[in-house]
Amino acid sequence: MARPGGHPLVAGTGDVMAVLTSTIAWFLDPAHWTGVDGVPSRTGEHVILSVLAVVIASAIALPAGLVVGHADRGERIATAVAGIGRAVPSYALLILFVPFFGLGFSSALPALVLLAIPPILVNTVTGIRDVDADTVEAGRGMGMTGREVLMDVEVPAALPVIIVGLRTSAVQVVATTTLAALVAGGGLGRYIVDGFARQQDDRIVAGAFLVAVLAIVTERFFTWIQRQLEGRPGTLRLDVPIAPSPFGGRVAD
Amino acid sequence: MIRWDVIEGNLPLIASKLLEHLALTAVAVGIGLAISALAAYFIRGRKRLVGPVTGTFSLLYTIPSLALLAFLVPVTHLSFLTAEIALVSCTLFILTRNILAGLAAVPTDALEAADAMGYGRFGRLWHVELPLALPLIMAGIRIATVTTLGLVMVTALIGFGGLGQVMLRGYNFRNDTLVLVGFVLTVALGLAADLGLGWLGRAVTPWSRARGT
Amino acid sequence: MTSPPSDAHRAATVAFDHATKRYPGTNTARSGAVQDLSLEVPAGKICVLVGPSGCGKTTSLKMVNRLIEPTSGRILIDGQDVASREVTDLRRSIGYVIQQVGLFPHQTIGENVATVPRLLGWEPDRRRTRSDELLTLVGLDAATYRDRYPAQLSGGERQRVGVARALAGDPPVMLMDEPFGAVDPIVRERLQNEFLRLQADLAKTILFVTHDIDEAIKMGDLVAVMEVGGKLAQFGTPEEILANPASDFVARFVGVDRGLKRLSLSRVGDLDLLPAITARPGDDAAEPRRRIMANPLEYLLMIDEANRPIGWIGQRQVPSGGALSVLMASAMSPLLDRRTTLKDALAMLIDAEVQVGIVVDDHGALEGLVTADEITAFRRRGAEGSGT
């Protein structure tokens, strides 16, 4: 495996066993579990930043999606948001914001919020729109107001799809929060970025491991909620749309 | 804020990084498609294999790309190979699932008719199943390509990254113009790929739009 | 493996020889199993397999082109065991039409029809000529339909294309599984009639599956009634089955209105047509009026220059003098031809404003009239004749 010349950044020897042992040793070192740079603190930063981003994005995208989906005029908006969302990489957004909002948290949060909005918005619009037209009409026929139809009929029926949108957002946000370390933010990405800088393989791999676990836990958690709502086991993940049109949902992370 | 002289001075860099961006993406999607096609071919109709294989691909897809790179660097170093492994890993799930879904969406009556008219196994696959699966396969290629165009940025961390490298350089040298140029080009590339592949997908499946009389 | 054109038109006999299909571990009901089926369909005949769902009729059909392999027994085409033929060759020599049609959505109608010729390696020019010819044969304008996609066709049009596609390789044997089951009754009626007209020229050997006894009686030269569990309950001509059901099951399946059903075995051409009193627009009214007043049928039939019926004028509406006008024709009756079954004719007449059927030839010119009374009288005579 040729290493490109001029990049002697990493001390890696290519010895997988050595890296593995040193990584385990890294985890066993009590020093890595205390202080600002300890695992609990970094995980806390990561989770808080991610949750904050998803909550703010939901506060914007859920009501907007409900209104647009209920009005049944959302096809173009949803398509446009999905298309732009796919085309704008989170990494690019993160770096773009630094000149405007400064380093760290102040750039990372708006970037993450913007990133989290499209999947939630698109899935909410799609979910509401795809509710069986007969069911909606039955609701209307029984004398429900538009608001009652939305809250009592459309939202419960669309909930699994909306949860899938939330899951997509959350998993992407957890992944992208890692990149926040590149713009001097906190979180688990610090281990990876610092590991690269200090040429410490054990730190890099430990960070990668923690990030991967957090992403998978997030994914499993939302899948679990979704299954509870649907009341049946599923085998395929549906958060990546099979077809991007008319409602593409997937956003690059 | 935008300084045109900076753009002019960096044109060779921007051009070469743009090419690198496209090359990294094309190679990743190409290899991803080849692996996914083989995987789909072998696991199709074998229920016991579908779960584990798509599950593995799904896991690779969920693991953040930066983490994937970080896992690989100690093993494969700061190499083209590292970048491509990470990128390909993320395309496998999208492509395999879309190929399988495309094949599953082929109407059973068309399959029965194909058998009854005397198509052989490969004739049926090539002339009936693949064309009918094409809309979903093309959709998969479209999503995978646009996703990969975004992920390529992250490989800037290990010395690749195409336009990600342009942005990173702008960030490191406090050069806002380079940051903006990188950003605009990236988004333009993503939109162009999204629209272009969407158009291509429709162009190669004229029948899927034929409706009514 | 193309047969030379000279004997390509020749139909083949199809014989089931103790054909049995068992499915492990399923109960016999609704399983589609077939038990020891033996019957022979002579070349050029339509044999309808009819029975309730799960009686194994579709399974039997699919054993012929080996979409399903029998557990034991043989199926012979012209005396040759199908199991001894290369399976793709066998299938290319057997036409297959199914209820869902199974057109390839990604191919144009022309390409769909030319599927088997393509598999047989015909040149593009010859394929194109053949598919145009077949589209015309099934009543679709080739220039209009050739380049369309299946999604752009109606259900009835798709069924026609399905039949055209099955005929493309000029197979001696055709298998048809509820081919007209997915279209509405009016279109089905028309497709059935057109297909019978086609078959009069084509003379293929056809195995036809349906669950509808009326369709079986109408379409079949021979009818095989099957019962759940895959047993052959009766095999014979429609007349035999209606006259002498072999078992309670067959009698029940055929239904209580057997007499009425037998009407579908006879056609308008079997009756003596009644003359009509006719007049053309522009004729002086006086003479037709005199004739119509003396006629038991109280309607005067307007016809055009080519003797094509325009409509009825009621006795009272015929003026005592002056020229007759097209505008006076106020009612119309169903148009029948000599091939219309008496059952269809009766059904149409019952709904009509004037319950007299107008029989026309292939050019639409008047041949005579048929009344509902005449049809019911014919049925009574037939019933006495066969002793039921």
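Lettered A, B and C in written order, each chain numbered from 1.
Throughout what follows, a residue touches a chain if its C-beta (ideal position, glycine included) is under 8 Å from a C-beta of that chain, and two chains touch if they have at least 3 such contacts.
Quick caveat: nothing in here was measured; it's all calculated off a predicted structure.
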item	value
Of all other chains, the one whose Cα centre sits farthest from chain A	C
Pair of chains whose C-beta contact count is the highest in the structure	A-B
Identity of the most central chain, Cα criterion	B
Approximate Å spacing (C-alpha centroids) for the pair chain A, chain B	19
Centroid distance [mean C-alpha coordinates] between chain C and chain B, Å	53
Between chain A and chain C, centroid-to-centroid distance (C-alpha), Å	61
Chain A to chain B touching residues, read off their complex	1-4, 7, 9-10, 12-14, 16, 19, 83-84, 86-93, 95-96, 98-99, 171, 174-176, 178-179, 182-183, 189, 192-193, 195-196, 201, 204-205, 207-209, 211-212, 215-216, 219, 235-237, 240-245, 248, 250, 252-253
Chain C - residues contacting chain B, complex	65, 67, 87-92, 94, 96, 98, 100-108, 115-116, 119, 148-154, 165, 175
Residue ranges of chain B touching chain C (in the complex, touch as defined)	107, 109-120, 123, 128, 131-132, 134, 205-208, 210-213
Chain B residues within the chain A interface of the complex	51, 54, 58-59, 61-71, 73-81, 93-94, 97-98, 101, 135-136, 139-140, 142-143, 146-151, 153-154, 156-159, 163-164, 167-168, 170-171, 176, 179-180, 182-183, 186-187, 189-191, 193-195, 198
